[in-house]
Amino acid sequence: MTRVRMAVIALGAYLIGALSGTVTQGQGDKWYPSRWGAADQRGAANRLTPAKVLDARSMITAGKVYQLGRTYEAGMPLYGTRHYSLKVPYAFAMPGKNQANYHDDIISGELTQIGTQFDGLGHLGIGELFYNGNRKSDFATPDGLKKLGIENVGAIVTRGVLIDVAKYKGVPRLQSPYAISVADLTGALQREKVEIHPGDVVLIHTGWGSLWMKDNATFNANSPGIGVPAGEWLASKEVVVVGSDNWGVEAFPNPDPNLTAPVHQLLLAKNGIYLHENLATEELARDGVYEFAYIFAPLKFKGATGSPGNPIAIR
Amino acid sequence: MTRVRMAVIALGAYLIGALSGTVTQGQGDKWYPSRWGAADQRGAANRLTPAKVLDARSMITAGKVYQLGRTYEAGMPLYGTRHYSLKVPYAFAMPGKNQANYHDDIISGELTQIGTQFDGLGHLGIGELFYNGNRKSDFATPDGLKKLGIENVGAIVTRGVLIDVAKYKGVPRLQSPYAISVADLTGALQREKVEIHPGDVVLIHTGWGSLWMKDNATFNANSPGIGVPAGEWLASKEVVVVGSDNWGVEAFPNPDPNLTAPVHQLLLAKNGIYLHENLATEELARDGVYEFAYIFAPLKFKGATGSPGNPIAIR
Amino acid sequence: MTRVRMAVIALGAYLIGALSGTVTQGQGDKWYPSRWGAADQRGAANRLTPAKVLDARSMITAGKVYQLGRTYEAGMPLYGTRHYSLKVPYAFAMPGKNQANYHDDIISGELTQIGTQFDGLGHLGIGELFYNGNRKSDFATPDGLKKLGIENVGAIVTRGVLIDVAKYKGVPRLQSPYAISVADLTGALQREKVEIHPGDVVLIHTGWGSLWMKDNATFNANSPGIGVPAGEWLASKEVVVVGSDNWGVEAFPNPDPNLTAPVHQLLLAKNGIYLHENLATEELARDGVYEFAYIFAPLKFKGATGSPGNPIAIR
Amino acid sequence: MTRVRMAVIALGAYLIGALSGTVTQGQGDKWYPSRWGAADQRGAANRLTPAKVLDARSMITAGKVYQLGRTYEAGMPLYGTRHYSLKVPYAFAMPGKNQANYHDDIISGELTQIGTQFDGLGHLGIGELFYNGNRKSDFATPDGLKKLGIENVGAIVTRGVLIDVAKYKGVPRLQSPYAISVADLTGALQREKVEIHPGDVVLIHTGWGSLWMKDNATFNANSPGIGVPAGEWLASKEVVVVGSDNWGVEAFPNPDPNLTAPVHQLLLAKNGIYLHENLATEELARDGVYEFAYIFAPLKFKGATGSPGNPIAIR
């Protein structure tokens, strides 16, 4: 091949990159195809095995169930221009002497991205590229995602670990925007005498959730959460989901003013690890429950970017 | 008291009854207040205890998880005038050099009463009266139910039992509208060598779900399901939820042409027992799994009549 | 008939009244059937005739068109729990070498009762009773109104009159909650040298609309508007629509603390006269245009309580 | 410049073109900036003047109004995956002795692109390019269009002309997919003794609307409508809107199997001329009304691609 030909190809490649938005600071490393193959759509959900289910089973000793899902209701904090509406239509009268009548609910909103929400792999990307190098223009359609839809995840039944960073730092609520460090995570785990295993779900208690429906303006303005190194450390632990009691799991804004949501990119796009946001972790924290069975089955909205729901922890 | 006065009072009472819709055939028995007190809003969910959670735990031996929720998607069967719409808006571009962008989903519909759905105690009543004698006009508002909302139920983690009536009758799919009898239930349970315990969830496999997305017109037209005596027998077993792979759990139309949805009334209103509809029971049936941990936490849509979701069975 | 029998019937009638909510203070007069017959569903729209269209035509002299509809947008004032959402889904790609692609809008909300809105006769009633004595339970269904739906109104092309009460009172904006009197209306009309004719549409400029999107909290909190006597006077003038630049046409709260929205009841229910709310009347007022062709054709949402839209005035 | 450099640039340009989708067959001609300047967002609406309003006024002789909007209702034909839902929530009870209570409607759907619909300039483009060369990525956002939104159009009050092509061809309904030719238009106009003037709105009666709610499957499958030459002829006549009683104004499929919706591209993108679809033209046709005042003011949904509505014709 001549040098001219190579130069042409190089320029073409550069132009493709520039146009498609993959020239991203710090994204030079090769992060796809995924470790589960180029066709994989489930990411870290592949770490879920019968053994992890039995792991979760072994956490259940007291038979106590914690609901981690917040109530969806008017007045809850909402990100950006998202909305939530529930109305009850007039009762429908059924025929028959037994006078059955029923009512439904009409709900509208960005249902997969409000309140307690589980981010799927099609939710957020790096420029045009999403998990496993899937290009947005190849799978995003107005009628739902053709790939990476939330229906691919499956039920998550595994061991869960709560890292109470607020407790470790000796405050009821971390300041915002504090970026939780690796040392914070390891220190808190040491205090809790708990370790993370591959295939676990890790929930981080920041105390930020105490503002929910109490001071929505502060809650929404920004948020403490994990920083990029903490995210990388969690990814290295081969977890399945990282959740928290804030709206974005990670610190907003990021300490680096040039970056927005880099932990989302790191976990979702590069590592196929899911995010679970706006979790009600306060009761686990109050009771000092640091190990438990975490159970959540995303609603199978075909082609959706995420799922609402009411995940549970059992001990 | 004079006879005239008594006659006046009797007429008044009759008029009240006629106007308020409580004069219902066969509903003369006193079914409220509930056994859990006049203020109770949770019904049979009160049967859920740590002991039942440990009961569920003991069902988990293989670590295999079954998703019982169907996919919510365009083209699924819908009852009446209900609808479901999911659209993906244009991606939102975030500021920053790291080029994060994300998309949401806009969903609208009778989300609590389409596809796999869990009926709450505020969904269906007897004339004006719902569970625990709550009068519709006292708790139904355009902005949600003031009582009996689905957020009161809590997480359900208990032993589940599958009654494969289709298998017992030797057919892949019961004919419609076949009303499953008590003998069908007891016969099938005997074949399965399984018993129902108080606090269990009972799922009934009719095979009707095999029509889902295959022949929606037939699926929707009517349905095999339990009859009133079978419903009464299940209520006597003190279960928490009765679920099935059809759209209404019970037989539609009812064998008595004067009745519509009497099993809904019996279970929801009179006994506080929940219904779980359009469950994907076929894999449990195929694998002959008749006992399992049933886990479902209704989404906490405040004031809603029910919940969508992806319940699971674990063995 | 014996006295006893009569007493029984009287008591029964009382009970019916008490239960059905027709015993309303000051509503003792007989206001139905309507002057257009017991079956009529169009109310004052019956006053629209070809002669009124030609009347409107004669108002058009300069060929100048005023849009009276406000922009529907995020951040506009909304009453109660109503909402408005518009999202643009990803573009749909069409097949073909010509690369056509298009986008839609997904809209949800109480579309007939937000922003510039036209109240139909099925919107508001007196207890159970609506226009022409229609009982709510007889025509309101979850899937739309079986009677009095907005699709019955038809196009309104008639003479319009603007009564600039703010100008007459010498203020840019009436104080709230000022109840506009008959003297205010007649005084302002005298200043304008304009008379109201049967079949006209009357718009009232209060200046309250200047708060739109500027100070939504004040705009929504309450409102100046016509009082009951002014409403009665307008009804006596046999108009078709009464509109204004506020969210409810009438004064909120009413000077009588025992009454809420009595002018709605008076105009809609008793007189079949429509209301047009949140009109952009400021340009007409600025230009001193007090007579014009008013043109509005409600969107034919079958069974709806009202209509959004962009009514126009032409001079 | 060396040949190598030129080759590199050529390759780069090709890659840019291929990626951005502007390499379109037959679109080589320069169609932007628009004749109304590079910043214009209103297109042919610029042809609307006071003189055209007076032109419309002169059409009004009998005072007869025709509603051209179809009823929005369950069961109407819908294109693609669009939906429409209207539900009536429970009545809201207001405080006060006068027992006011009201109900709203909850509506969801692709409201600007269902039923009778008016296509704005942001609805459909040529690859990435829309009216006036606006690039989709520059103005389409998830929260609405930043340019070309329907709120820019303004009220349309002008002379309208009905071309009854079905009558001219001697059939109640054109066959599908018949592409109406220039000769059809000129022949029909000659029969009607009517001419098109600049600034007019032209409506084309095909009879296809007679299938509305009668045979939705046939109605939706394809459609007679104008072909590209007829579209070009209409554009040369400097009209403002082209409307019809079918779902897409133009012939679907196009006679050229390589093209989809080329008339949309021609009128909307290249000429800034609006489309009005699913009009109820049958009464005008029945009465032989070929000239009239056409009046339509798009709803000002900020950033929307189109508008629903109930346009009217007056003679």
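Just so it is clear, A, B, C and D label the chains in written order, and each chain counts residues from 1 on its own.
We take it that contacts are C-beta pairs under 8 Å (C-beta built on N, C-alpha and C of every residue); 3 or more make two chains touch, one makes a residue touch a chain.
It should be emphasised that the depicted structure is a prediction, and the values quoted were computed from it without experimental measurement.
On a Cα centroid basis, the chain most remote from subunit C in this structure is A.
We define each chain's centre as the mean of its Cα atoms; on that basis subunit A and subunit B are separated by 30 Å.
Distance between chain centres (mean CA atoms), subunit A to subunit C: 47 Å.
Computed centre separation for the pair subunit B/subunit C is 42 angstrom, with centres defined by C-alpha atoms.
In subunit D, the positions touching at least two other chains are 74, 81, 85, 87-92, 103-104, 106, 108-109, 140-143.
Taken chain by chain, the contacts link every pair, so each chain touches all the others. By the touch criterion given at the top, residues 4, 7-8, 11-12, 15-16, 19-20, 81, 85, 87-90, 103, 106, 108, 142-143 of subunit B touch subunit C in their complex. Chain contact summary for the complex, subunit B toward subunit D: residues 74, 81, 83, 85, 89-92, 103-104, 108-109, 140-143. Contacts from subunit D toward subunit C in the complex involve residues 21, 24-27, 49-54, 57, 60, 62-65, 67, 69-74, 80, 82, 86-88, 91-92, 94-113, 122-127, 136, 140-145, 151, 154-155, 157, 254, 258-262, 264-265, 295, 297-306, 308-312, 314.
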